[in-house]
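Dropping a structure here in structure tokens format, bear with me for questions.
We just call them A, B, C and D in the order they show up, numbering each chain from 1.
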Amino acid sequence: MNSFGTIFRTTIFGESHGEYVGITIDGCPAGLPLNIQDFIPDIERRKPGAKGTTPRMETDIPKIITGVFNDKTTGAPLTILFDNNNTRSADYEKQQDVPRPGHADFVASKRFGGFEDFRGGGHFSGRLTVCLVAAGVVAKKLLSLSGVHANATIVEIGGETDIEKGLQKAIDAKDTIGGIVQCTVSNLPIGLGSPFFDSVESLISHAVFAIPAVKGIEFGIGFAAAKMFGSEHNDALQNEKGITATNNAGGIIGGITNGNDLVFRIVVKPTSSTPKSQKTLNISSGQLEEFSVKGRHDLCIALRVPVVLEAVTAFVLADLLLQEQRIPKIINNY
Amino acid sequence: MNSFGTIFRTTIFGESHGEYVGITIDGCPAGLPLNIQDFIPDIERRKPGAKGTTPRMETDIPKIITGVFNDKTTGAPLTILFDNNNTRSADYEKQQDVPRPGHADFVASKRFGGFEDFRGGGHFSGRLTVCLVAAGVVAKKLLSLSGVHANATIVEIGGETDIEKGLQKAIDAKDTIGGIVQCTVSNLPIGLGSPFFDSVESLISHAVFAIPAVKGIEFGIGFAAAKMFGSEHNDALQNEKGITATNNAGGIIGGITNGNDLVFRIVVKPTSSTPKSQKTLNISSGQLEEFSVKGRHDLCIALRVPVVLEAVTAFVLADLLLQEQRIPKIINNY
Amino acid sequence: MNSFGTIFRTTIFGESHGEYVGITIDGCPAGLPLNIQDFIPDIERRKPGAKGTTPRMETDIPKIITGVFNDKTTGAPLTILFDNNNTRSADYEKQQDVPRPGHADFVASKRFGGFEDFRGGGHFSGRLTVCLVAAGVVAKKLLSLSGVHANATIVEIGGETDIEKGLQKAIDAKDTIGGIVQCTVSNLPIGLGSPFFDSVESLISHAVFAIPAVKGIEFGIGFAAAKMFGSEHNDALQNEKGITATNNAGGIIGGITNGNDLVFRIVVKPTSSTPKSQKTLNISSGQLEEFSVKGRHDLCIALRVPVVLEAVTAFVLADLLLQEQRIPKIINNY
Amino acid sequence: MNSFGTIFRTTIFGESHGEYVGITIDGCPAGLPLNIQDFIPDIERRKPGAKGTTPRMETDIPKIITGVFNDKTTGAPLTILFDNNNTRSADYEKQQDVPRPGHADFVASKRFGGFEDFRGGGHFSGRLTVCLVAAGVVAKKLLSLSGVHANATIVEIGGETDIEKGLQKAIDAKDTIGGIVQCTVSNLPIGLGSPFFDSVESLISHAVFAIPAVKGIEFGIGFAAAKMFGSEHNDALQNEKGITATNNAGGIIGGITNGNDLVFRIVVKPTSSTPKSQKTLNISSGQLEEFSVKGRHDLCIALRVPVVLEAVTAFVLADLLLQEQRIPKIINNY
């Protein structure tokens, strides 16, 4: 299913080379000011064009087709479309027999019986993350009502915390490269989430793995906890606001926000479409053959992930804030 | 919410020191042979008593109260209870004012307004994982119909792959310690899962973070992907069965199983209840004070996680197999 | 699936002749006072024993096994069991080959492949409505926080508004008989529900048809609207509280409560188990044969429906009030 | 929420006077042939223009923007838009202070805090039923794979089974009028649905009350069952295919299809927008005032309901057939 959320619920649709990609947000409170300008900054952050990102340029002006009236949300479903106006299908036409390494071509064909729109990755394309970003813009505006702020940044590329250095490795190798992105959310109230299936970790990881190319997530000190003693890992409570001396738990205990910053990191695999020549199977011939990518692609897809990561995090948290009645159903004073 | 799954749907309930903990499984196909003996091996694996685990002993004989007739599932909801017959509430009574470090006491009180059953962690207790294990037993029997097998093992304790050595560190330090557990699922068909919100990574991580103490998850090569080039990370397709030369993706591409083993690792934080003295806040006095644990607890909770991890993995996959019509709704030949 | 609700979510389980039937309520706010005595009045109302109802007597003392601590809800899942301590399985054993007319025996066998627990109707039994009543008790206590009150009464038996007269018809005919039950809910706030799929009519009818033997529902003037002109049917708004001169709409416009009493009626078919001899198919022989009921049954099942109808109505409305933030998540002053 | 369904899941969006109304269908199997021509017959049936219907004319050519490739469904979300190209907003602008009798204007304003798009009923408009019809077209194609066919017809207008006569009553009275629509579904397999919350009656009524103006539903003999004896109402089983001598149950026993035609009737209230002068409240002045409709409207909205009723029925049943694995996830031979 292509939907997520209980009260604030997003549904994405579209393919890389179709006419539009889009998103419907159901359950957004009425009265939230919203116009096209609100989307521009985050959409710009996601855009290709910077060093290490693909030269494919979309205009990416959102079309708000439903759910907004007089520049405010109406409480009815909010649907936003994005034109796919810069596609070169010819680049992709002939690759049907040769699944691109690291891509979903082969599994998509098995999953959807060969009926999938294979052009440019179709429904699997990173292109759809522009929809997630759009939902994130709406969710962030809701979060701001409670003073909550999400911020994601690249913290490592190719094993380097100096990001330029990491990118240079890939440029030198004529290859693509992976990275790590960290997200920090400040000002969350204590008490969001639940033990077990609706833990904050469960909900955030569910949404985060919806971002293509993410292969791991860790909260707080994360995997380093495996090497720690309990007395080191436990965060000592300092005051009634829940502030702890350390934040090894990343702001979540028992699945519930504890008053400290929510902190987590994700790993983004290297862009699958590398200019480097690789072996893959030719389905028709049954033979392995050399494959090299001709299309336009990102040197390091992690570079474009932070704004997407903030977005999915924002809509998970907006949903929890609504569930816990921390955001009203009608917004009269924004 | 305490439910998870679309077709095969589990709902857990109960508290550490209540009369029972239990689980209801809805959507299990009719005709699956099921009796109490089926549960014993996995329940034994979860049980405390081994080196590094708490001496609390439960009889842990499941009571199947609904959904089974003549030793087969009926297709109606399957409810299983476990007695809590070995509880010492007195150990916990007085700790209300002093939230135990690393535990959910403080956030639970904020989340549920002080109405939570605080005895032994209440609904937050690891005790409820016996219910997850029970659901896993049912799910594994369904998986076996397709030849699918999940296996989880401890791979690291306290930074040591020699597990005894890792435990000894904690014993020497009179402290508790964390660990890493790996799960491998073999024989999965190609084509389970979807891109975006129903990616296999999304669903598994959602369920996995329902296990108390888990703080991170990585699929395939995981966080190491951040240091890799695309040409290194991409798994080269070898044949039409989807087998790849490497399995850096951990068996999932584009959110979908690809015919290779599903492989992932989780980190389990050190047991919060450490015998070591720690500082924490006394809520009444507003002062920090020394705290030391008197109850019965695990030296390394990771040791008990593998069977729980297999269980949640199994019910995610059983649900996907049912959604993809790979398991029939009525089982006539088991 | 055997679950219903978005925030206030109920899951029922059990069979007529199993050890227990039960219900789990997830999402109930913490802090609601709740003890066994609260359940007695509604459970008494549902009980058999009155004129026209089956002599089968259950003790029907609820066992609250999870989710309540110190006589208040904890916010964790609330599970309630009822013993099935007065069952005579022998009455039912031999009927497997002869599906009882009007009962689910035949379809159950097709639906669940013959693995269903057929004793006394198994999971299809009206016995499970005691669980709905229990959920209703909790929901009604939540409604009372907003001053909302649901009241259902029999309005017609066998075409007679003098109910005794209707029952006498059936007694004279040595048969069973149908009836109509009306439910009125007062004090609902304006603005619950939504147009389309979450209309109040959609949600209430969904829950109402979960009650066995219900075959129709109409809101307000209902089917009589088919004979009316628009100018007759439209309810003229009288004041800003939404009060209208008539209530043909039954308190719902555009799927949303409008400030008037919510009023609807349901039809309950005659008890299928009639003492009268009937023809039905013997599956083994393939022949039609005479069938007459020997077990204990209700002359008019409609008589026992009002309290069940109030219950399902109450949990639909409690869920909507929670969704609209009209009931707090923590109840500090009951 | 504006979504419905478990596997075959529809989400509607849009307002009467926005740029588009639309629908996203998630979970449609891949490989179903689908093109614009498929939609024309049902959209034509819904269209205004016939005697008794509004003269507002929409082109109503569906735009399939996602989920179809090479004229077949891809298995990805299927989104269909309809232009709103014939709207006269000026007709509606000034009515904000005077809620139209029988319409949702007043409750919408309370529900959405005055932020709703009030033009032409906004999101409450019957305009959105064109989206339901579109989803129905897709669902019907799936049903046809199993030979299942849904057919709805007007059976009564203004109390007359001679429909022309019923309409004439309204024309003579210069008023609008209600009606009854019956739906029959043939060739359903035995065993769809479940007892309790997923009864076929629960699911169909849930979807049916999503159609604006529906105020009641009855299955089989429906409300007449209240006057019947059990021996009269019970349908006697005739053969192993489930065929019964009568069909008072309307094809559903215990919430489950029983092999006979599924038969139900709904009541559609008279069009609220009647040309007749009526009293209503002027919110600004607090005074009652005369109100008469100037816009274009239907004399009898029931006339346009049959195709919408078939549509929602079809998507409920398609969902159940998918859940019961009676429709494959990939359609190779249509």
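Here is the rule we go by: contacts are C-beta pairs under 8 Å (C-beta built on N, C-alpha and C of every residue); 3 or more make two chains touch, one makes a residue touch a chain.
Predicted model, so just to flag it, every value in this text is computed and none were measured.
*Asks:* On the document's contact criterion, could you list the chains that touch subunit B and likewise touch subunit D?
*Replies:* A, C
*Asks:* If you take the chains that touch subunit B and keep only those that also touch subunit C, what is left?
*Replies:* Both-contact set = A, D.
*Asks:* Of all the other chains, whose mean CA position lies farthest from subunit D?
*Replies:* Looking at centroid distances, B is the chain farthest away.
*Asks:* Between C-D and A-C, name the chain pair that shares the greater number of C-beta pairs in contact.
*Replies:* Looking at contacts between chains, C-D has the larger number.
*Asks:* Same or different, please, for the subunit A to subunit D contact, judged on whether over half of the interface numbers appear on both copies.
*Replies:* Because over half of the interface numbers appear in both copies, subunit D and subunit A meet with the same residues.
*Asks:* Distance between subunit C and subunit D based on Cα centroids, please, to the nearest Å.
*Replies:* Averaging C-alpha atoms per chain gives centres 26 Å apart.
*Asks:* Just the number, please: Cα centre separation of subunit A and subunit D in whole Å.
*Replies:* 37
*Asks:* Would you kindly tell me how far, in whole Å, the mean C-alpha position of subunit C lies from that of subunit A?
*Replies:* Centres of subunit A and subunit C (C-alpha means) sit 44 Å apart.
*Asks:* Would you please write down the residue numbers of subunit C that are in contact with two or more other chains?
*Replies:* In subunit C, the residues touching two or more other chains are 1-3, 6, 12, 111, 123.
*Asks:* Which of the residues in subunit A come into contact with subunit B in the complex?
*Replies:* Listed in rising order, the residues of subunit A that touch subunit B are 1-4, 6, 12, 99, 101-104, 106-108, 110-111, 123-124, 128, 156-159, 170, 173, 175-180, 190-191, 193-199, 201-203, 205-210, 212, 214-223, 225-240, 242, 245, 248-250, 253-258, 267-274, 276, 278-281, 283, 286, 288, 302.
*Asks:* Please give the residue numbers of subunit B that touch subunit D in the complex, ascending.
*Replies:* Against subunit D, the touching part of subunit B is residues 6-7, 323-325, 328-329.
*Asks:* Write out the stretch or stretches of subunit D touching subunit A in their complex.
*Replies:* 1-3, 9, 11-15, 18-22, 24, 26-27, 30-31, 63, 65-67, 69-70, 72-79, 81, 111-113, 115-117, 122-123, 330-332
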